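Some notes on the structure that comes next.
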Amino acid sequence: MDLQYKTIHPVKYLQDHLEQGIRPDGRKFLSFRPVSVNVSSIVQADSSAIFKLGDTSAVCGIKAELATPKADIPDHGYIVPNVELSPLCSPKFRPGPPSEQAQVLSKLIDIVLSNSRALDLKDLCICKNKLVWVLYCDILCLNYNGSVIDACIGAMIAALKTLTLPEINYNSETGVIVTHPENRKAFTVRTLPVSASFAIFEKQLLLVDPSDDEEDMSSTRFSIVMDDEEEICYIHKPGGIPISQNLLCKGLEMTKVRAKSIRSVINAAISTLNVNNIETNSPK
Amino acid sequence: MEFTNQNKEIFAFDWSKARFPNVFKMAPHIVPGPPNTTALEGGGERPMNIVRRVGRERERMLGMTDEERAWRKKWLDAQKLAPEEPVTPPGYYKEMFNPIRRFYKAPMNKVQNMMEPFLGYTGAYVARHVISKTAIGIFTVYCIFYHLKYNKMLDLRNDGRSRCQYRSIEIETRLMPHAHGSARLRIGNITDVLVGVKLEIDTPYAEKPDEGKLDFFVDCSANATPAFEGKGGDDLATEISNVLSMAYQTPDVFDLRQLCIIPHKKCWKMYVDILILQCGGNLFDAVGAAVKAALYNTEIPKVIAATLDGGEPDIQVSDDPYDCIKLDITTYPSIVTVCKIGDNFVIDPTLEEESCSAVNIIMSVMPNGKVTSMVKQGYGSLLPTTLIKMLEVGKDIGLKLNEALKKTLEEEDKLGRTKPLCGFLR
Amino acid sequence: MVEEDTEIDCVLRPMNCEINLLSRSDGSTMFMQGDTTIVAGINGPMEVKSQKMAYDKLSIEVTYTPLTGPAKVDDRLIETYIRESCESAILVSLHPNTMICINLQEVQDSGGLLACAINASCLALINSGLSMKFTIAAVSCMIEKETGKIIMDPDNTQLKNAKAEFTYAFDSINKDIVCCHSVGRFSQSEFLASVDKCKQVSQFIFDFYREITKKYANTV
Amino acid sequence: MPVDQKRINGPESSVPYNIYIHSEIKNKGIQPDAPKRHDGRSNNELRNIFLKTGIISQAKGSAYIEMGNTKIICSVFDPREVPNKTGYCVQGELFCEFKFAPFSHHKRKMHQQDAEEKEYSLILQRALEPAVCLQEFPNFQVDVYATVLDNGGSALAAAIMAASLALANAGVPMFGLVTASTVGIYDHTYLVDPTDTEETFCCTKSVPGTVHNHGIIIQAALPQHGQISEMFVVGSVDTDTIVHSMDLISEAHKDICPLLEQCLVKTVFKTFRPNIKKTDTK
Amino acid sequence: MEVSVGDVVMPGDSLKDIKSTKKEGKNERENVILGPGLRREGDKVYVCKAGILKRRDPAVYYVDSYQKRYIPSRGENVVGIVTQKSGDIYKVDVGASEQATLSYLAFEGATKKNRPDLQVGDVIYAKMLVASKDMEPELVCVDSQGKENELGVLSSDGMVFTCSLSLVRKLLNPECPLFRILGRNQAYELAAGMNGRIWIKARSVQETIAAANAILAAEYTVASEMQKLCARIEKTLLLVT
């Protein structure tokens, strides 16, 4: 019955729920979905992370490659984040070149990375003017159920945090490159930007961490990205109905709390990895 | 008793029938008990056992009364055949043979009856059976003959070929003077494929520094069939180029190292461009053979000087068109499509045959009998035994095709460069 | 048709606008904010291609063409901002099963491009005569790296020593935030201060809109 | 090559660092005659298979498969009308897309489907078609998307199994489940369910001049009907070898099929009796 | 911002003191009519187009705005071009988002047997019968009495040109002197559609073009200067002929 009602009157279905002070998935208006993070599960990638936000899940894999730097910034490496919203994750998407939404998401993540200064591109330099690292961060959405940007940023940051790069010897005279895959060095991530998404319904009703249906039917959405020091890295509100400043402030407060909890989840996931590493290494 | 009266009438009518009630009339007297009259008149039930207990030895031995003895004597008398006996009672024939048998026996019965006056009963009987059985025998033979003639079993196809026969294949090579190698192949005047080989100098892949590159590109011209218009031919084109690249993938077949000029720096990139001009079925085989033929006459220009000048490679290619390296095609595979139609496999299917088949396998066979690639096509599935059979068939055909192709190409090569171009590109 | 060259306030760079300059579009404008110049044209409402049809509202398609080269991923973001902002301003339910195209051409970029693009498209919308709930005005501002001062409507040279840059769009009724974009890191208080400042300044842009409308309304 | 304007682009050319690894370390080599394989299996042994259905809530049916390091996720969507089709078509269609995630491979994969992925998509489609009752949805197509998250070898076989599970999970009418497995051949060694290193070893490693058998055979079958739905050979092998490996594969299918069935049964139980605590299969 | 009649208004402005002119002896409660460019939300009236707020007695409020794209509205006369014949309807391009339909039977004296002879490309002057945002607009070439009443096919000798919708409204305003002044010295036929298309036919091609130019120039001319405008046009015409 519930399902039929939902398919026939999707809008009314949601409205009826909201009037009762509850959301269709049983959450309160201001409660987030549970988060789980799994790092370094993909063997072929240099580092990887799977970030789950309720149903929504995204996986980020990082492949490091070598390239020559741009002439105007010879000591900067490259970081190339790309989000793929493949048709796998939702019936909304069709195979082919990335949809507009995927392009916007990629750009947003690029902006967040550069805004937050979580990584210094100078760290990626091996030899000035000659050789730098390129980090291809490919984020794949596996299940598209709202607040995808949160999942994408979470997955990417967790992957970056666990990234290790092999030692490279570059002889600048002969141009010979030698890789030492045994000596891997951890890559420094200065801060952990964490994002939280919100949806606004009529009469300035604020919902946190909206699901896909809620996002579709909302009047407007916005996302806030915050880093370790509770500095804001990005506020993204593309349009939709006008919202008051108070609502934004409320969002900021919620983000602070949320960011802390997500950060602890990510750190916990990384620390279990380290523990595992020690355990596997010790018998040798 | 009314019987006599009745008998007379019957007597007058049919003698043999008239005897019958008398014989039967006795039965109720021999065996005490209610006479089963229904069995007499009614034709529906089987004839009763008229012997009853007298028929059994033991019972006969049990104390017989005189009356019974008289009866027995009477019975024994009755057992003696009268000259006109045995008598077939009416309905006996009907009871013994079911309607179908009666129906098909009727004509021969008639024949037998007709012959009886001349040959006697036995003669007629034998003759009748000999005639009928022979007729059936001949009929069966004819049936089998027709079955074989008009079925697959006869190993004939609607264009007169047998199952494992190719249509006539025409090959012309070296018909494009600007390409490094070229061939045009026609199967049965329908399928028409043009292959050109071009070489370019390129940098090798970083992970395979000592290997050249080989690239197959298929273009399905919209002229071939209307279905290729727009993007219609793209799927087929990818499929063909995939099959080709798989067939040539292993270094046993084509060693990419022979395309290397300077490791890490320069190599040849060989483009094999395949243009499908007309599509009349069996594209894969046609393309496979045409590619092999084109590669056979491909001439890689000789590199006369390859030096590393301060890290930058410097390459000089010989200007002399006769100064070139030829490829060794003895390992190159040819592609065979084995098409399953019904329970049989056909080679070189026409378009109609292709549309009839649910499964076909495409395999590339090296001249030494090894399979370098195999793919299944079509939406059907196969039993393992069938698949193995198809594999064997494909391998045999592949070997023969390779052999024939090699011979033809060598023959054509003997004509040398003076050979007149008779292709359409003159 | 109308040339407007009035310096409204020293806070904002001088704005300049020419409307109805494209004869084939249903509404068009060339909008300058300082040296940043954008040409916007609107076509529609017109028939939709079936796959993009929304059966209950007007669909909006935005095409942003940068000055050089083909449209890139960066431009998609601008398009999204403009599309979603305009969607909130237009009474979309009045024209179901139809679409409008907003075409923007960057002519010159010297800072505040997003704000300029939003303002240009709003002016083009006003010119096209589509029914709107309200008008929107976008303001950009930045926080200077050393002083922490908020500078309104900065140009490229000022932006070089910016700690953070914001672009806000406000509606004309309640002056609430329609869209919001930021570059760089900043604290909450900085954010709130910049919103306040921009909100005040947005009135100048609304006044400018009214001024423009007055000009041509009187002549027609 | 034209630059992809719909993605964020890095430098024009970049090279993976693996190629600069010292060749001594790189070529640890695989001994084909060793009694155990490099991951400690015997030649005929399959890796552990982990299966899970229904992990993508937005899809009609989905499945996740893990075979050793190989991780594949697959989803199936509601039938939709075949695009650009005129006229009635008695049989429905399957649309399969096979994709390697960019980070899933030894070498970084491009975003666009390359020739290998296109070929694998076709194989996937042909392997599944005999198992699906296509006549049940005329004029419609069912979309099947498979993405390899991590390629630890035998990815295509795993994808075929994941896709057949996902189809079953989506409630698409099917004749039977499809199982698939891979055999790597090197000389007289048959490596069932090879890892990625074994795959590259079987594909390329051969001494020129000798006539070694080497290659990869992938076979998909409907084990409940004893039918082969797809067969794919690449390399250089003679027919006897193919026949022998088919036997090996059918053995493997017998082992795999119950796993798929179990997984589906569990899904059904979970749907109808959600209270029963689920346990993982390994 | 609150605005009142005569002001230049912007979308989002709200109307101050809406009231009807009360006349003695009449009912106090009279309906207020909101014309184009105005909408009601709750108990407030908002402007949704930029232009000048105007009011007509007894209580009709509307915004006079500039617009180029035609949005069909019931009862308006429009100039359209036949683009397609299909079944028993014509498709007519009126410059709106969708093509309007025109039935074969919507002509004076048309019956099932006696069909009007309309070709693709013909220009017609028709009345909007159905105009709703959710439906295809429908045109008719007869009035409610079944009479043609100046509607119907326009001759192909004339010229059709497009202008802004506001210009048509301005020209059709009875107070606008342009047509009268123009007609003093020149004979011309004219059909002005509310969809911003004007069909005009004069004695010669030159005169037709001159009149069309005069009409287009009138967009930015106030009523008092129209005399001058027409005089100038006539002068140039004399030079040409």
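Note that the chains are named A, B, C, D and E in the order they appear, and that numbering of residues resets to 1 at the start of each chain.
The working rule: a contact is a pair of C-beta atoms (placed from the backbone, for glycine too) under 8 Å apart; a residue touches a chain by one contact, two chains touch by 3 or more.
Note that this is a predicted model, so its numbers are computed, not measured.
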After subunit A is dropped from the contact network, which chains belong to the same connected group? one piece
In contact with subunit B and subunit E alike are the chains none
Which chain's centre, taken as the mean of its Cα atoms, is farthest from the centre of subunit E? B
Which chain would you call central, comparing Cα centres to the global Cα centre? D
A-D against C-D, pair bridged by the larger set of C-beta contacts: A-D
So what's the Cα centroid distance for subunit D and subunit E, whole Å? 66
From the mean C-alpha coordinate of subunit A to that of subunit C, what's the distance rounded to whole Å? 29
Geometric centre distance via CA averages, subunit B-subunit A, whole Å: 60
Between subunit B and subunit D, what is the separation of their C-alpha centroids in Å? 34
Do you know which subunit C residues sit against two or more other chains? 73, 171, 173
So which bits of subunit D are touching at least two other chains? 6-8, 15-16, 18
Could you run through all the chain pairs that touch each other? A-C, A-D, B-D, C-D, C-E
Which residues of subunit E touch subunit C once you look at their complex with the stated criterion? 1, 8, 10-13, 37, 39, 46, 48-52, 64-69, 71, 97-98, 133-134, 164-167, 170, 219-220
Of all residues in subunit A, which touch subunit C in the complex? 100, 103-104, 106-108, 110-111, 115-117, 220, 222, 227, 230-245, 248-249, 252
Would you pull the subunit D residues touching subunit C in the complex into a rising list? 5-8
Tell me, which parts of subunit C touch subunit A in their complex? 73-74, 76-77, 79-88, 169-171, 173-174, 176-188, 191-192, 195-196
Of subunit C, residues touching subunit D in the complex: 70-73
